[in-house]
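The two complexes that follow have chain A in common; it is paired with chain B in the first and with chain C in the second.
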Partner chain A sequence: MLALSAPNFVLVQGVIIGLGYGLLAVGLVLIYRTNRVLNFAQGQVGVIAAVFLVKLTADFKFEYWFALVLSIGLAAAVGALSELVLRRLFNRPRVLVMVATIGLSQVLLALTALPFIRPHNLYKPVPVPFDLSFTLGTTIFSPGEVLTLIVAPIVAVTLALAVRSTSWGLNMRAMSENADSARLSGVWIRRTSTLTWTVAGALSAFTAILNAPGQTSALTEVLSPDLLLFALTAALVGAMINLTVAFVAGIGVGVLYELLQWNISSTANQQLVLFIVLLVVLLVRVRALRKDSRSAERSTWQHGAVRVRATVDALRNRISVSGMWAAACGAAILPLLLNVGNNYLFSQVCIYAVIALSLTILTGWAGQVSLGQFGLVAVGAVMAAHLGASVPLPLLLLFAGAVTALVAIIVGLPALRLPGLFLAVTTLAFAIFMQEAVLATPCWTVPGIHKTLCTGLPNPASTLIGRPSLFGLGLHSERAFAWFSLGILLLSILAVRTWRDKGVARRLIAVRDNELGAAAMGIPVLRTKLLAFGLSGFMAGYAGVCLAFATERFSTATFDPTISFIIISMVVIGGLGSVAGAVLGALYLEGLPALFGANPTIQFLTSGLGLIAFILYLPGGLGELLHRSADALTLGVRYVQERWTTHGPLGSPPGAATTPVPAVPGAETLTPEVVES
Partner chain B sequence: MLILGSHSVRRDITLVIEDVIERYTEGKRRQTGGKIPALQVHNLDFYYGTNQVLFDLNLEVEEGEMVALLGTNGAGKSTLLRAVSGLSHPHRGVIRLFGANATYLEPEQIIAEGVALLVGGKMTFSGLTVRDNLRIGGHTLRRDRARSAQALEEAMDAFPALKARLDQPAGTLSGGEQQMLALARVMMTRPRLLLIDELALGLAPMTVDDLMAMVRRINEEGTTVILVEQSVNRAISLADRCFFLERGEIRFDGPTVELLARDDLLRPVFLGTAASGLR
Partner chain C sequence: MSGPGSRSGPARLTVENLGVTFGGVRAVDNVSFTAEPGAIVGLIGANGSGKTTTLDMVSGLVAPRQGTVRLDGTDLVDYLPEERERIGIVRSFQDCRLFPELSVLDILMLCEDVKREVAVVSTTLQLPWARRAESRKRAAVDEVIGAFGLERFRHHRTAELSTGTRRVVDLASIILAAPRLLLLDEPTAGIAQREAEAFIPLLRRLHEVADTTIVLVEHDVPLVFELCSSVVVMELGRVVADGPPDVVRADPRALAAYLGASDEAIFASGPTAAGPKGVSATGPDVDGE
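Our next item is the complex of A and B:
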């Protein structure tokens, strides 16, 4: 067992960091509890306040306390405004709202750059109202840290009291338990919700202002994956309900982090221990949580895909199939017309589409949210780096897929017991762990066996691999590789469509929507969930191999965990659960910005604001748009066909049609049914 | 696009005209000395998505009455109560509460009008203590501290079983006690019209009898009560008048005793057993 010991000042340092995590976790819990929304923008709201505080004190020479009140008020207002914008999404699938908050966070980041918020001197430190400091051991604790030690507990206790005894707190608790019942007693739940976001905004302001003094520049994106992971873990330990537990857990995470830093020298091992501890803590909590079944959370998180109502008939099928063929043929010709740079981009889009498809299975069908799909891609990439030169490509793709599937199943194991956010946290932890520990360590010694294993990138800073050949055909040119990627994408689409039509998807969706019901119908629930993880991991794995060969030179930074958020956005923009949508989403988020990067319209559309606008006004995603246009086209074709049968070929007078034209093919099999696509 | 647009414009104009006509006839009726009933429902159409649930529904309930709402599963009883309490809004028609139009009011406003809905088995906040549940019940009285404290006292006096468990989470109460808590909570605002959706849901017969006695007492104190019931027997013992709903339409409106004679209505519902067993 690992023995951890540290002098007092390390512990105090940990508490100070932990207070920040705790406050952030409390904000996350507050909003999750009220609206069942995982708010990615929670940290960013406060950054506006911190930046504004610097602006007021440094540029306008305001009194500190007055400026403080103004900036906290600003954050509260921003919080309320966010709620008003996102409100219409609250009865939509949770993943959709989550992605909307990712967009919101980007918009808020852009807001901090506005001239009346941004200070002239960006590197001006956030002011501190007093000059108190103390020394412990060899470390001097700055006034900013003293401020945190004093203010954070006060804020937390005040909030706890408010939740317990004010009318807002009571309403909020009642609303989170049973919104309809609260309304029937006259509680205005929308006002309560807005008020909650306002409080969360103010809380976020405290978090950012307390954390800011240590930072060199206030204009940063706060909710980095690490910070998000720690705050989410703390929030989950509090079961996304209990504010006090979440706050204390946040402090615990901070202390643990500092302890590991002090006791373990290598970053990789620190990350490993942290990852394992987080998993164990979550698993232990899963046990405690399973008692109250949290059916509400289950229903809201698993309520996943958008149902597309489409009349399925022969003509409609023929149109969608020929549309697919046309798109595939067009895509096959495209590499001939593109230059080297664009062919490279073409391969990238294809590979990202495969990754998005892998997430479609997991999130769209199985209803499990993964925040670390790119970690699985990294597994595939590592395999390519090590075995690319020796193993033939088809074999490598299959092997990498199988290994990644295994990894995905292991990462998914904790989520078997409790769905929803748990997988989100373990996958996020996994993605960070992959980047910072596995990829960054070329070789490591297994503790018990004393053998050296090389699982990381051969050169973490810059690994160069050569492209292999496929059945004797070289893939060295960008054009050849573009065709190869397209082939992989088409095969993947074919596979996913087959799974969709042959009942794999049906089983996954059944388990997602009603686990007990599915089990009662004889569906093996456990195996079905594992199947979802496995299939998703398999696709992510071979996509990783392709991505490694496509980029040829990559480093640990290539596998930044934030890319996983972009992939979730792709799946959502494409339309949750839609196969064609995943491809379109990849094209939209990966292709458009690279192709028309300088065009302001495209920049807007693919920016955070565009993302929010997209989700607000087209919640079914691009997939739904595609469906609707196919429906419209079917109607048009049928109209022309009917005219043809009654009036004969174009131009001929009525009755001139001599040969009886057969009735519309398949018209007698018009069976409207709801398909999930 | 144009055709779709013109359709919805036409529909809107029709709705406006119907509304005006309804207002006119209602005014006329009152001028000629008609009473103001507790609840009036005129020409109500209700859809869930594209599914029509209520079809041109009309009913009136006088003040002080106790009325039973009977019908098969999926007949639209609960939907009707949801529409009256404001949880969902109808597509067409008018709902009047004590004479005032309440069709598009939100539930938060309806409760202030003195109309309360109790949904069987779905009302308590199981994670909150009994006291907090009651505090939510007194939410509309929060500006008047004295009155809200008094309402809390009255609720505890009326339901002594709850008094001993004030600081216990409501989820730990038995089903009957939870229902009692819901009733206590609803009664705190002293509603003039009480809508009850399946009071007996999942409860033991003994408990149901106790609760029914409480409802009867509430009615005797002057509150109008509309009660959704599955059992004809209980409906007879409680309510003099009843409505029978089938597939979103009112098929019977009159004294409950007369409903027993309507074998054609009851047989498909109760397979004849309840009706024949009673006679």
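Our next item is the complex of A and C:
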């Protein structure tokens, strides 16, 4: 292996970074413990405080300590407010709540831009109360870093004491063990929960203020995927319950990160080692979570599919089938009417819809939460970049799909042992690893056999690929490519619907709903889970090829892991598990903002606030909305028909007895022929 | 394929000296009994006497610490739960949770899938043989749906069904699984007394149609004495009495262990045992629901 050298200053640097991860991890654990919510907004709450601190000291010339108290108070209030908004979601499926916190994080980012929070000079550094610095080796540690070294441990110890000895701490611990029992024993769980979010908000403020001095711009999004990954890993090492372990693990992750930076020159190898270490640590620590009495909660990560009953109403079926045909035909005509830019957008929406469908299989049906779906899309895109010019398109789509399916199965292997939350972390790690290591390294030498293998983008900064032709037809014009993307989308919808109706999906859902029961029934559980990853990966893979050809020019930045968050939002907005919903979700999040970017209503609807509103008031998503409208339409059509039959009665048609029993009484007199008239 | 899976018809279950401990507590201690092919064996005993754990060991969910489980003489020690299912050991669960988000049709189709797996590629392309396989399964399922009167619930999600209906779905899926040894864990749990009585003819018909050996864990003592050809009484993980219902009913140790806790249990089992024909006479019109 590699010989690690660990000079003092590297270790201290690691501890300083790690203290930040630790505090963030503690905030995540605190909220997860209390409400079983994975709070993506945990970092962003603090950013408001950091920005406000700059505003108060620089613009209003407040005394530092007074300003500090005010800004931490602001973060605490924002934390409490978030809890009040999200409270009604706490007993909903975990994925839903998680996406709501993604929305919250966007709202908070928008809040920092408000005039009374945002400082005049955005690039003003966050102030430090003293001018103390020291030198270790060749590195000078700035006053900000000294502040972190002093304050972070104090904050952590204070929190530990509060959890141990205040009544809030006691109530919080009781609530995390068993909320129902705690409630029956007189714990006011709502107040406890609000208090927890308040504390977490203040904690987040410390995290951001202590981390901020090094940053050039105060307005950056603080919860970058890397930071989230490190904090989540630390939190999981603490089994999402132990605050001390999570804090120490955070420091450990920081030290590890700095050590790798110091010892390994290539970013790709740093990422590789980090990825492997994280995976091993998680696999070892999973026993701790398993032993935990709350292991039953893993199942709550897996529920939340749209609860739409298959309908036996013939009229209703006809209406939805004709609706689908109308939508498909409309979409097929649309490229003729659109200009070049909008046709490009049309292709993008279609391809994103396919990616959303791939996640519908994995998350909607199999109940596995993936935060790294875009990493799989990147695999497909790389295949297109390397083979696009030489391999015929249909073959390339199949081949890329197969390779990505294989990658997805490998990424999914830990999921056979790990509960939902762990999979979210490993997939996130995979997506980051894909972007920062694999894509950024055009070719690498396989150790041992000294052969080069090209798995990255040919040119990580800017790869240019030409569109191929399909069966002799060029796809170079945006219009042709829009049709091609639509074709791919329609085929994907057809495949997914076939899987749902003809038996592939039912065992995925059975394993999700009741793993033990499925095993006792004789369903091969492991194979079924891997099948979900395989199918999902296949779809993401060929979508990746399409995305590469649609974009034509891309870099590693094209495959930002945060896009995976947008995709999971699409699936949730559409309604988990709903096929039509996934398409609508893509249209809503990818299509609307680009089309009506300047329109404030659309901006609101597609913003974080819109996302939260959606989840609060329409938990079944756009899919449910569609379903309800079809129901309403059916009722309307039926009403018109019944009026018609009372005025001019129709004889009972010969085939009426064999038609399925309709859900609405009295509908048996209706025939399909009537519908068409 | 060799071994017990190649045979058909009801199987003989032999349990010898079975034992397991959970954290120092002997949950099951030296339990032995035999279920002859085609027999219905009832396991009764107070809560915590190890009945369900015994079933867990037979179905492979719990690994025994000592003793053997044999099906037609084959030791099952190396069989995983899903492998045991494949050689004909089928189990229904106490909570009958089934799969909340799946419809009745889906669940019954799943039972057929176990016998013949859905081929992903040919299904995606809707190749003729995949369609044929699906429609064959559909035909078998339709038959069972008709036989159990589930037509009305065909597209209902399991979560929407009442406990009683869920039990019927569970029994219907058992028929499709074609068991050689059927393990029933409290089939009447959570069901009203009246409905529980309706279960006797239903279980009897299941026994006939499925042509299987049944091991039944049950709290409803009258039902057990009515239905079973052999009764095993357990107390604190041990077998205290074993034999035909008449013998067990007279066994003083069995009385002391379970029945004797109060005379009510015996009296409750009295009238039904006296008039089994009377009960089955009321059966058909009740199970017709």
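A few comments on the model shown:
FYI, the second predicted complex is superposed on the first by the 639 of 677 C-alpha atoms of A that agree within 3 Å, B and C clash if a C-alpha of one lies under 4 Å from a C-alpha of the other, contacts with A are read in each partner's own complex, and residues count from 1 in each chain.
Note that a residue touches a chain if its C-beta (ideal position, glycine included) is under 8 Å from a C-beta of that chain, and two chains touch if they have at least 3 such contacts.
Only a predicted model underlies this, so the values are computations on that prediction, with no experimental measurement involved.
Once chain A of one complex is fitted onto chain A of the other, the partner contacts of A:562 are absent, as it touches neither chain B nor chain C. In the superposition on chain A, the chain among chain B and chain C reaching more residues of chain A is C.
By the document's definition of touching, neither partner reaches A:242: not chain B, not chain C. Residue contacts after overlaying the shared chain place A:455 against neither chain B nor chain C. In the superposition on chain A, contact is made by A:187 with chain B only, not with chain C. Contacts of A:142 after superposition: neither chain B nor chain C is touched.
In the superposed model, A:607 lies in contact with neither chain B nor chain C. Once both structures are placed on chain A, no chain A residue is touched by chain B and, in the other complex, by chain C.
Chain B meets chain A in the complex at residues 85, 87, 106-108, 111-112, 116-117, 119, 122-128, 132, 135-137, 139-140, 142, 185-186, 189. Against chain B, in their complex, chain A makes its touches with residues 167, 170-171, 173-174, 177-178, 180-188, 241.
Interface residues of chain C facing chain A in the complex, by the touch rule stated above, are 59, 61, 81-82, 85-86, 91, 93, 97-103, 105-107, 109-111, 113-114, 118, 120, 123-124, 126, 130, 134, 137, 154-157, 160, 173, 177. Residue ranges on chain A touching chain C, taken from their complex, read 303, 305, 307, 309-312, 495, 498-499, 502-504, 506-507, 509-510, 512-514, 516-525, 531, 535.
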